[in-house]
Structure formats: structure tokens, C-alpha cells
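Next come two complexes built around subunit A: one with subunit B, the other with subunit C.
Moving on to the complex of A and B:
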């Protein structure tokens, strides 16, 4: 059976591969420690587009086209596109769909949208209806600044817990055909609100949701954290990761060899002035679709749990003094070992 | 453990563990950057006085020059870099007011001159004007009630 219910929140999946992926990032992300592991690095944030909103869309389309190219798929062979972004009415994802003309399910889960889409895609493909599904997510630093914070040139001082929205896009292709990686289980998260109010500290607000999803995933699958070479959260950043570790300890959850975070890995915090680290839907999407997929494919990593985290607030809700609800969705991805392939064929 | 108690405990832990702002460094930056801007303003004012203006008359053209410089430096993309370090030292002087007007104008130019620049020009500076004028009115009213001088 391709989909098995493993617990209240987790589904085991068989026969679903990731056949190719692509990550395209902005200049700052290219200068970070992972810079050489992305498929394309833009020289400037605008990339010749008239507005940053158009640039964000172009970033998304570039990662989608590149992923297709690498798999030698045509757009016409894609059954469904799943994905999302941060902008109001998810315009990047929606507008990009005007040109590709494939059926689209636009999703919103703030920065957690990549694993929401990946998990859904894996279930849909395992359900044996869809054969080729594209999953993507994108964010752009300057469009997010405008929507959630201040005009770019306005002089402001950011607190140490503020996150830096990444200019990044990631796309993966999910299929029934053989691929170098497989999705083996998916855990969708509950929305938790632990009364975090500060939009400049999303890491602290999201940490409880991340630990909730991770602990549910582990108990549903009966795995210990050591079953993974790494557990990557999406964008908790420096402080959020610290809080997640404290929470795990409090709950008696031993996460050795320890948590890692895509947002923290994306930049050099000392050199790049990003305060808490990277964030945004494109952050987890690009770090996974570029560096992590490469490391899994090469065998440097065997299995990882990707737990993208999202703070589900809008500028209106925080101005009205509301707390920030958060969510985290987890997808377990592992290398499809050569021996397995031999047995199957 | 009761859920609300757990959340309360978590929030106090977040408060305790949050990395602290570098207050001393910020204050020093604000003091010296604000001081340098004010000194420049004083220099400009002296220059106008040397052209034969009275101190009172020199104040207006000085403000205009400082606003011009603030707007220019914002347009060149430098003012936000200064304010990032100098904080209130860069925001409080009149150059900061210019920055608060020009930054949204640049940002929302893409939405057009009416609904973009026109409607959003006072997004940041608006509250300063509203409460500045309200405060000025109240103080003037008090002065009138107490001293009888309008």
C-alpha cells in the first residue's frame, strides 16, 4: 500500500521519488556559506525587472524551468504545480502560473509552505493519480520588507532577533518514476500559539510548533532522532533554534545529533549582518533544493527530516495586538540506495 | 502542566534568553552621529548668518538645506545604512524627517504618482505630524490660559 497511516499526524509513503531539483538565489545568499551549492546566483536583487515583485516571480520561474531542464521534462508533462510565497494573495505563485499553464494549487503557510506542498505532493503522487508534480516556494527580501516592515530606504534599527527574508526560490519534482531520493513519510503540523507577539522574533514564536511537529513525527514513526543524519528546521534562526533545543530538553526529547536550521545555514551571521538568520518560504525551499539535495544524492547524507516553520501573522493582526500562531510541517527524505533499486528491478 | 501556565513560562523564558540589544554601543553611536548632524546644521546656519541674515532668519534656509541633504542621501541609498547604526541619532534630526518622506516615495513609486507616492508619502511621517501638531496646539492653549498671551 503506497500510503500508510502511521499515527494521528503522520503518513508513511512508498514509491514516491524526487527526480530533480533546482535552487536560484540572490547575491547576498550567493555570498553565504552555501553559495556554491545553488544552481544559479543572481548578480543583483532586481535582475533587470522593473519591480521587486516581478523579480520575485522571475526567481520562481527560473528555479522551475531549471528543475524541469535537469529532469528533461517538458512543462506539458507536469500534472500539477503546488507551491506558495509570502506576498498577499500569493501573487508570485499565481502570476507565474499564467505562463506555465499547468493546473495549480496555490498554498499559504507562510515560511512553512515548502514542506506543506512537498508533503501534499508526495501523498497525491502516492495516491496513484498524479504522476508528475512540481513543488516550489519563493521569497524576496525586498518584497517582504515592503509588505511586513518598512520602505527599504527608511532608516531603522533592527533588534538582534529580527530575521532576514531570503531572496531565494527552490523547486523539486515529485514523481512515481525512479529518482535518486525518496519521500518516506510526512507529518503535518498543528497550529500552535504560545503568545509570541513580536514580529521581530519569529524564531521564538515558531520554536514550540517546530518541536511539537518533530516530537509527533518521531513518536508516530517510532524513530529516534539518530535515524536522521540531520533534522533541519526551516527558519528558526539562531535564537529560535536555541529555544527549540530548550523546549526539547524540557520535554525529555533527546535530539542528538542535534537540530540544524536552513535560515542559520544560509548566511554567515558574523559577516553578513542578518541578525537572527534567514527566513522566508524560499529559505527552506532553496536550502533543500540546492545544498541538501546535493548532499543526499552524493551520499554525504542518507536521510534528513525537513521541518519548515511558518509564522502565520499579517501586518494587520500584529498592529491589532494579536499573538502569532505558528505551524511546522515535516517531510522525511532519504537517499534511494542502489541496492534497493537492484532488488526492485 | 496547565497549558496557559506553560505558555506563560515559555514567554518568560523567551524574555530571559533573548539576545540583548547592544545599548551602550547604540547610545554612543546615536550621540555622536546626532551630534555631527547638528554640528553640520550649526555650520550651515553660521554660513547664512555671515551672508548677513539674522539668526532667526537663518533658521529656515538651514532647515531647507538639511532636508535637501537628507533627501539626497536617502536617494543614494546611504541614509538607512547610517540610521542602522546611529538609530535615533539619525532619525530625530530633520534629515531623518526627510528620510521618512523620501523612503516611502521611492518605495511606492511603482504604484503610481497618486495612489503610490501621493497616498503613501506620509505613511511614516504622518504620525509625527499629527501628534507634533496636537502637542503644539495643547501647549499653546495652556500658555494662553496661563499667561493670556496668544
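Moving on to the complex of A and C:
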């Protein structure tokens, strides 16, 4: 059976590959430590578009087209597109879908949307109806800043816990066909709210959800943390990752040294003035679709758990004095070993 | 095989039931022609909550709890919750998920989200990993008005094509267990943009997407419109439904007299001053989860196609002069006939 229930929150998956991926990022992301591992780095944040919102859409489309090109798939051959972004009504994802003409399922889970989409895609492909599914997520620093915080022209000072929304897009292609990587299990998270109220400390708000999902994943699969070369959270950043490590220790989980964070990996915090680290749906999407896929494909990594994390609030809920609910979804991805291929063929 | 590809956009499904449903609506919706067929009608739009946003959330939770109660399911037994709403960052769906502690997959497709969620749930259950999935959608007139249009205190005049966002929530429970209704096929729609720019005429903008999805569904399944007792679009309203009928005729599709609209069914347009008719994710969700489920269960209807429709724009895209992309997702639901039950048992 291609989908197996492994526990209350985790599903084992067979026969689902990632056939190609692409990551396109903005200039600041290109100057970071992972710069050389992205497929395209833009020279400026507008990239010739009239608005930042149009630039965000173009970033998404660039990653989608590039992933297709690398796999030599036509748009026509894609059964379904899954994805989301951070803008109200996920307009980047919606508007990008006008040109490709493939069925679209829009998702929203803030910065956790990439693993929500990837997990869903793997389950739909394993369920045997869908053969080729595209998964994408995008964010843009300058659209997110003005929607969630302040217009950047104000030059508002940022506290050390504030995250830097990444200008980044990532796309992966999920399929029944052979590919260099396979998705072997998915854990969808529950929504936790530890009563954090500070929209400038989302890492701290999201850490409990990240550890909850990781702990359930390990318990459902019966794996120890060492089954993974690395466990990458989405964008807890510096303070959030520290909090996650403390929470893990309290549960008797030893996640060090494998626990890493896409938001921390994306920038050089000392040099790049990003405070707590990177965030945004495009952060985990691009770090996975570029650097992590490369390292898995080359064998530098054998298996990772990607745990994108999302803070599910809006300016309205913040202004109404509400706390910040958070979620994390985990997807386990590993190399498709040569021996497996030999046995199957 | 429980999921079968029937055509480029449509998937046939076996072994998936709807075991119970619940619809909770506001006072205006309760006074409409379907008032007696909802499970609960609120006496006022706030229902004792401090904000309209909190009232929207409470409406959603009421429909979820009631659906569980009718099926005698505990929250604990639910594998997954799927759904969405119209608010920025789908905060009604997100915040409602804080208390139930079940894994949440948030979706956004504007007023088309109910069939996106229902279709996904049916595919996930048919894919054999999930046993009990909850599907919900909600909207509230007074939260949507101030987010998308104007604060209601302004008393802004509305043009005849403007829709009335419904204060309504609907929940259905999707399962591998026996139930009175079954989902037999799903067609996910592509995003169409006919360059409509008027946010006060969403019915006209959405009509092409509705007809595109209906026409693909019929062609993929090889069914004629008469295979359905009714085809219910989500919320095209008066002008949108007329446009849909014209578009259908142009394609040689005779959808009359079976083509109906949840937004038109919800209110008495002559008496209730709702202009073009009802809209909002809760409109199709509540009309289906209340009246349509009742009529299918009682045998008054044998099979319907529910085609929720969504206008995928935001105030930002509107203010930036963008057009309105639209989508429609279709789910075919029919009575589980006694004879089938006899054969299976």
C-alpha cells in the first residue's frame, strides 16, 4: 500500500520521487552563505517589474519554469499545482496561475506552506491519482514588510528578535516517476499557541510548534534524531532555534548537532544585518529547493527532515490584542539509493 | 483502485462517504428561504463575541462541534482538518484550530475553498492514509465588508451587481466508514482571468471559471448534465448565473434547468436587499452542509455537482489596477443507494 499510517500524525509514503527543483532568490539572499547553490540570483529586488508584488509573482514563475526546464516537463504535463505565499489572499500564487492553465490548489500556512504543499503532493501522488504535481512557495521582503509591518521608506528600527522576510522562491516537482530523491514520510502539525503576542518575535512563538511536530514525527516513525543527517526548521532564527533546543531537551530529545534552521542558513547574520535571521514561505522553499536538494542529490546528505514553521496571525488579530497561533509541518526526504533502483528495475 | 484518473482534470473516487454535516448561519441567512434547513440560526451577528472576527471564528467552531456531535465522533478521532475562510491569513480557520489540537491544513481559494477542501479530503481518504477528515469553511458579512470594501458604518451604497457576503459556516465529515452520501468524483479548476476589474461584480468575473470546470467535469466523466439533479455553483448570484448560462450555451452545453446557485438560493432577493445574491466561503459550505445534504439524504435529490467559485483578488491587487483571476472546483456527491449497501455488506 503506497500510503501507510505510521502513527496518529504521520503517514509513510512509497513510490514518490522529487524529480527536479529550482530556487530563485533576491540580491541579499544571493550574497549570503548559500548564494552559489541557488539556480538564479536576481540583481535587484524589482527585477524590472512595476511593483514589488509583481516582482514576487515573477520570482515564483521563474522558479516554476526553471524546475520544469530542468526536468524537461511541459506545463501541459503537470496534473496539479500546489502552493502558497504570505500575501493577503495568496495573490502571488493565484495570479501566477493565470498563465499556466493547470489546476491550482491554493494553500495558506504562513511560512509553513512549503511543507504543507510538499506533504500533500506526496500523499496525492502516492494515492495514485496524480502523476506529476508541482509544489511552490514564495515571499518577497518588500511586499511582506509593508503588509505586516511598515513601509520600508519609514526606516523603522527593528528589534533583535525581528526576522528578515526572504526574497526567495522554491519549486519542486513531485512524481511517480524515478527521481534522485524520495519523500518517505509526512507529519502534519497541530496549531499551538503559547500566548506569544510579539509579531517581532515569531521564532519564539513558532518554536513550540516545531518541537511538537518533530517529536511526534520521531515517535510515530520510531526513528531517533540520528536517522537524519539534519533536521531543518523553517525560520525559527537565532532566538527561536535556541528556544527549540531547550524545549527539545525538556522532552528528553537530543536534537544537537543535527538541528538547523533555513532562516539561519540563508544569511550571514554578522555581516548582513538580518537580526534574528530569515523568514517567509520562500525561505524554507528556496533553501530546500536549492542547497538542500543539491546536497542530498550529491550524497553530502543522505536524509533530512524539513520542518517549515508558520506564525498564523494577521495585522488585524495583532491589533485586536490576540496571541499568535503557530504550526509546523514535517516532510522526510532522502536519497534514492542506487541499490533500491537496481532492485526495482 | 480507490482513485482513478478519469480525464485531464477529474479523478474518480471509491469508498469515501460523508457521514454527517452541520451548517450554522446568521440571522439574515436564517430569515431566507432555506432558514429551516440549517442546524442553527444565530439571533444576532455578534452572538455575544467582542468582535465580528471572534464571532466568525465561533460560527466555524459551532458548525465543527455540531457535525462531530451528529456523527458521535470525538475530536480525538479526527485525523485531519481541512478548510479556509476569506480573512487575511485565514485567521478564522487558524485560530479555531488552537483548541481542537488536530493537524490542520489551511487552504485559500476565496469562496471556492469549500470544494477545494472537500475534493482534497475525498482524495486523501481514498488514498488510504486518512480515515476521518473534517472539512469546513466560514465567512461573516461584517468582517468581509470591512476587509474588502468599507466599514459598514459608512453606509456605502452598493451597485446591483454587488454580492452579500454570507454569515455562515458549514462542516462535513469525510470518512472511509459507511455514510448516507458518497463523493464519486472531483474536478479541480484552473485559474481564469477574463480581465474583469470590478470588485463589485464578482459573479461576472467568476462565471467563466465555473463553466470551464463544469464543462471539463462533464467531458472527463462522460456524463451529460442530466446525470445531476442539480448543478450548484457557489456564488455567481443573479448576473453571474445568467452569464454562466450564456457561456454554457455558447459551448453547446444545455445546463438548464439544473443549473442553480447557492448564493441565489440562500436569500430572497426581492425581500432581503442582497442585490446580486449571497457570497463568501460560508455560502456554498452552509448551503451544502445544511439544505443540500438534507435533500440528498432524504432522496429528494439523488446526485448533485457542487461547484464553489472563487474570485482570487485582494484590495492590494485591486488598488494596483489588476484584474480579477477566478477559480472553481467541482465535487460530485450522491446518495449511497440501499442496493449498494446490500451488495457490500
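Quick note on the criterion: the second predicted complex is superposed on the first by the 343 of 345 C-alpha atoms of A that agree within 3 Å, B and C clash if a C-alpha of one lies under 4 Å from a C-alpha of the other, contacts with A are read in each partner's own complex, and residues count from 1 in each chain.
The working rule: a residue touches a chain if its C-beta (ideal position, glycine included) is under 8 Å from a C-beta of that chain, and two chains touch if they have at least 3 such contacts.
Remember, it's a predicted structure, so these values are computed and weren't measured experimentally.
In the superposition on chain A, A:270 makes contact with neither subunit B nor subunit C. Of the two partner chains placed by superposition, subunit B and subunit C are both touched by A:51. Of the two partner chains placed by the overlay, only subunit C lies in contact with A:314; subunit B stays clear of it. Of the two partner chains, subunit C is the only one touched by A:98; subunit B is not. Looking at the superposed arrangement, the partner reaching more residues of subunit A, out of subunit B and subunit C, is C.
Contacts of A:243 after superposition: subunit B is touched, whereas subunit C is not reached. When both complexes are overlaid on chain A, the residue A:160 reaches subunit B alone and has no touch with subunit C.
On subunit A, the surface patch touched by subunit B in one complex and by subunit C in the other comprises residues 51, 53.
Contacts from subunit B toward subunit A in the complex involve residues 7-8, 10-11, 13-14, 17-21, 26, 74-75, 77, 79-80, 82-84, 86-87, 90-91, 96, 99-100, 102-104, 106-108, 110, 123-124. Touching subunit A in their complex are the following residues of subunit C: 1-5, 8-9, 11, 51, 53, 80, 84, 87-91, 94-95, 97-98, 101-110, 116, 120, 123-124, 126-131, 147, 188-193, 312-317, 320, 322, 325, 327. If you check the complex, the residues on subunit A that touch subunit B are 50-51, 53, 146, 150-161, 194-196, 201, 204, 208, 238-239, 242-243, 246-247.
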